[in-house]
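In the two complexes that follow, chain A is the common piece, with chain B as its partner first and chain C second.
Right after this comes the complex of A and B.
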């Protein structure tokens, strides 16, 4: 009796544990350990391979690498911030202003573009913005511009493209927490003399902080590791660090340096998330929704 | 006496639905005023209009003589205690109470002093550092009250704040709220669907139904002299008899019940002989086996169906004649009536002056037979 019960528990435990374990080891742990190992290996002039820090030092010695890196991190911050600026009012509108029926409709409308792959969405943006694109044709057609203007292949259009592909991941978690904000808290603050700015600052922000942080983290990681949008919309002067990594692996077949660069990207994203959580006094378990 | 609040013919429509219909009320400074009504009668809408959270469709609101229409809630000298209190969970008790004072730009030492004083006044000294979720139901209640009172509002609005508490605490808070109001002297406007809360605490009560005030009066008058059939049924418990209003040769008035029994009543100027009427008698006005020598009493023969023992609120359910509805009779627990058993035949009597009569409107307060 006791034995059969115990073995039952063990079986159900294994059923859930094995997929998680395999997932983590095969897809995350092993490749990353291998990447770290690769990143510390280099070949010298004589073709002899051995342990080295060279893959990392080259990053700091070649401005093209660390400039691309800082640019990528900087623009990731910008995109995250722009997504937040868009996400907050949109979430507020969805949760607190419109009725239940419209809310479902708006959420669907926001989700619809994500039914197609990112590459199709980016080509959609390109169709709009390029020299022979729809916007140019309309504006030239009605005579506002004398001749078409190239709006693609610069930083602004690239940031626009990334914001477009990432905003959803900001809106969804913020809508989640804002939904749980009792309307009467907002009314109570208003009743006690607070204006709209104070209500946002003292009531809505603190309440939504876990959702805001999880939105920011997801968006930041997605943007930092994005490859398609910067490649298609950024043009030759808008290099993204993922393109550097791609080049190392594919163009130069330098897996060691590629691994080192990949590991640098992982380090910076972990560091940024950790310090953001520390700064805002949030816990990872709360932000990721494990503990309410 | 100065008016704290004056509402004139205020109306609120939501689409085609009229939630509040041409309601007027005046509340004098320092009074405890209650608005009593069933859920959905428009009392919360009325309160929200006074607080400024809902704009009236028409009508005017004056607080201490100043017109409030178009003034946003943060600029009105009224504060609202929400049904679920709406304490800010992201702040501790002190920050909650200081919230309104900070918005007024008062200095930090002044704020700290005021918060301390008000916490003592609501019997929570030293609770400033506590988090909201560390407080019990009654303590949260008092923090919510303190958060509003510290702003010294002209009128404090309370939206059924005791609804979420359990029975014992509710009974306790009833008395405490009344005492607190007497102590601070702020005008309270309290809305509730619980007639006992309204009767116990208030100086005056407005009974509201379907967007209008049925009666504004003292608790005693509401109970003993209801102005409408609705008030008679909603405030306290009442026995309802339906019959025909008649006048006999001697000039006295009667209600003839469906089964032919006659009940004597006092004259009612608004009723004509032949009208269908409702007659109400309180359970505690019923005498069990009354002294036959008494004059001016109605006597009915009945059979005890059941005894509902509820301590001081014990009642008899008595079947009378062929009437479909049982008559409820208060059963005093003074050992005089201990002999009564279910199935016993008893006489019920009441003084004609203790019943009231209204034209039958078909108003029901619950799904009765």
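Right after this comes the complex of A and C.
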């Protein structure tokens, strides 16, 4: 009796395990292993291919590559921080300040642009900001500006665009954890004479840390791997590292170098996420549970 | 500070003003797109030259509306096709994964769980190039050894579906796991005692309980697939999805037909959101009434 039950359970285990195993190995693990393998292969002058570190050394020798890389990582930190500065008060407003009846409506209003594709949102920014855009037409039309000013195609517009598209990914997880914070804790602290700063520092931040980390990780990764916004809103010199990867793969058909660049991007992204988790004492499995 | 505590007038006014400013910044670009979709001009910019629906229904040369624009229409259909396949794949595998990690015990479970989460923190571009590299290597290997040209392993819809499913399955799994955690397993025990086997229990007890989560996860999967760009751009062939086609048009400059496409997308999303909101409202009213 006992035996037959056990064998049935193992059989059901395989039905669940095989599709998941195939997904994780064929669509994730092996492709990444292959990417790493490709990055260590190069072709010499005679057309012979073999193992090499050349794809990585070229990255450090050519300033355009490592400068783009540092720029991309630096801006990703800046954008993540700005998104957090915007995301915290917005989430606090939705969960704790606004009347309960308006809460659902406001959350819906937050989520609609979240689900409208990034490319549409960026297109809207372009229509507003470019030289023949709506803002220029209006300001020149009523005589505030003498002539149209090109507000697009520079680093500032690009960062604004990325913040615009990424903030929502910060708000959603923070709203998730703030919602579960019991109001009476804040009330009690207030009654005992704590000021706002202390309430934020001692109650809200510790409670919301998984959501904040989850938001920061998602935003950082999305910004680091962004392609649309830098390409459409950045200027001639606003290079993003994903564009270098794209160029290596599609324009120069140098997949080995492209794979090396991809692996470098993956390394820095994992490294930053890992150290952020270590610094705040969070676990990825716990943080990712907030993403819904 | 919060709604139950007294707070100063400046705090309230200041916070409300901040939120109005935030919403204005978020919605003005979308309103701008909407406005220029109805402008009777060949360029998506001001001045206003009168109201027109030509960017939706127009047939004339140079003013082809979305419903007669072969390129954009094809993009929509390709995206829907990819979206449906991705939804099917990710919902099935995601449900399996949820059962696997919630209800089964096995060796290396933690390792597989971390592996399952990992696609969430890998940039989409990397997933795109790694799937492309792997598929090409396997394709070349098969052709060299057996001499069969596996067409589906070169860029095309099959690879797009693979690439997108690679990370969308993780989202689906997490949504279903969250629901499965709330499942009362004594219901299963009861069914076992009544003589049901494992699959009858799952089919008649657990799946009906999970249905709302599975439907929600499927909707999320479809939307994520429909608007994916980063992974798709490396895996697509001449049959491009809508985001790729929109990107090319915006980059090269286009007529307001792009605005019309965007308006259609925004309308669909808003309708879904509104229905979702109203259903939630009705539910909360019902529970209040009890």
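In the analysis below, the second predicted complex is superposed on the first by the 268 of 292 C-alpha atoms of A that agree within 3 Å, B and C clash if a C-alpha of one lies under 4 Å from a C-alpha of the other, contacts with A are read in each partner's own complex, and residues count from 1 in each chain.
Assume a contact is a pair of C-beta atoms (placed from the backbone, for glycine too) under 8 Å apart; a residue touches a chain by one contact, two chains touch by 3 or more.
Every value quoted in this text rests on a predicted model; they were computed, and no experiment measured them.
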Chain B and chain C placed together on chain A: clash or fit? fit
| request: Would you sort A:190 into first (chain B), second (chain C), both or neither based on which partner it touches? | output: both
*Check the residue A:109 against both partner chains and state whether it touches chain B (first), chain C (second), both, or neither.*
second
Which holds for A:229: it touches chain B only (first), chain C only (second), both, or neither? neither
If we overlay the two complexes on their shared chain A, which of chain B and chain C does A:118 touch? Say first, second, both or neither. second
### Touching partner for A:72 - first (chain B), second (chain C), both, neither
neither
Applying the document's definition of touch, where does A:80 land relative to chain B and chain C: first, second, both, or neither? neither
Using the superposition on chain A described above, determine whether A:244 touches chain B (first), chain C (second), both, or neither. neither
If we overlay the two complexes on their shared chain A, which of chain B and chain C does A:207 touch? Say first, second, both or neither.
first
The answer to whether chain B or chain C touches more of chain A is C
Is A:254 touching anything from chain B or chain C once the two structures are fitted on A? First, second, both or neither.
neither
Distance floor for C-alpha atoms, chain B against chain C, superposed on A, in Å, equals 5
Chain B and chain C footprints on chain A meet at residues 187, 190
In the complex, chain B touches chain A at residues 51-53, 72-75, 78-80, 82-84, 86, 88-90, 99-100, 103-104, 147-148, 151
Counting only contacts in the complex, chain A reaches chain C at residues 8-9, 11-13, 15-17, 19-20, 23-24, 27-32, 34-35, 38, 86, 89-90, 93, 96-100, 104-105, 108-109, 111-113, 115-128, 130, 132-134, 137-138, 164, 183, 186-187, 190, 196, 199, 217-218, 221-222, 224-228, 231-232, 242, 245-246, 249-250, 255, 258-259, 262, 265-266, 269-270, 273, 284-285, 288-289, 291-292
Per the touch rule, the chain A residues reaching chain B in their complex are 182, 184-185, 187-195, 198, 202-203, 206-207
Chain C residues touching chain A in their complex are 1-5, 15, 18-19, 22-23, 25-30, 32-33, 36, 43-47, 92-93, 96-97, 99-100, 104, 106, 112-127, 129-135, 137, 162-163, 165-166, 169, 171, 174-175, 178, 197-199, 202, 223, 226-227, 229-230, 233-234, 243, 246-247, 250-251, 258-259, 262, 265-266, 269-270, 272-274, 276-277, 280-281, 284
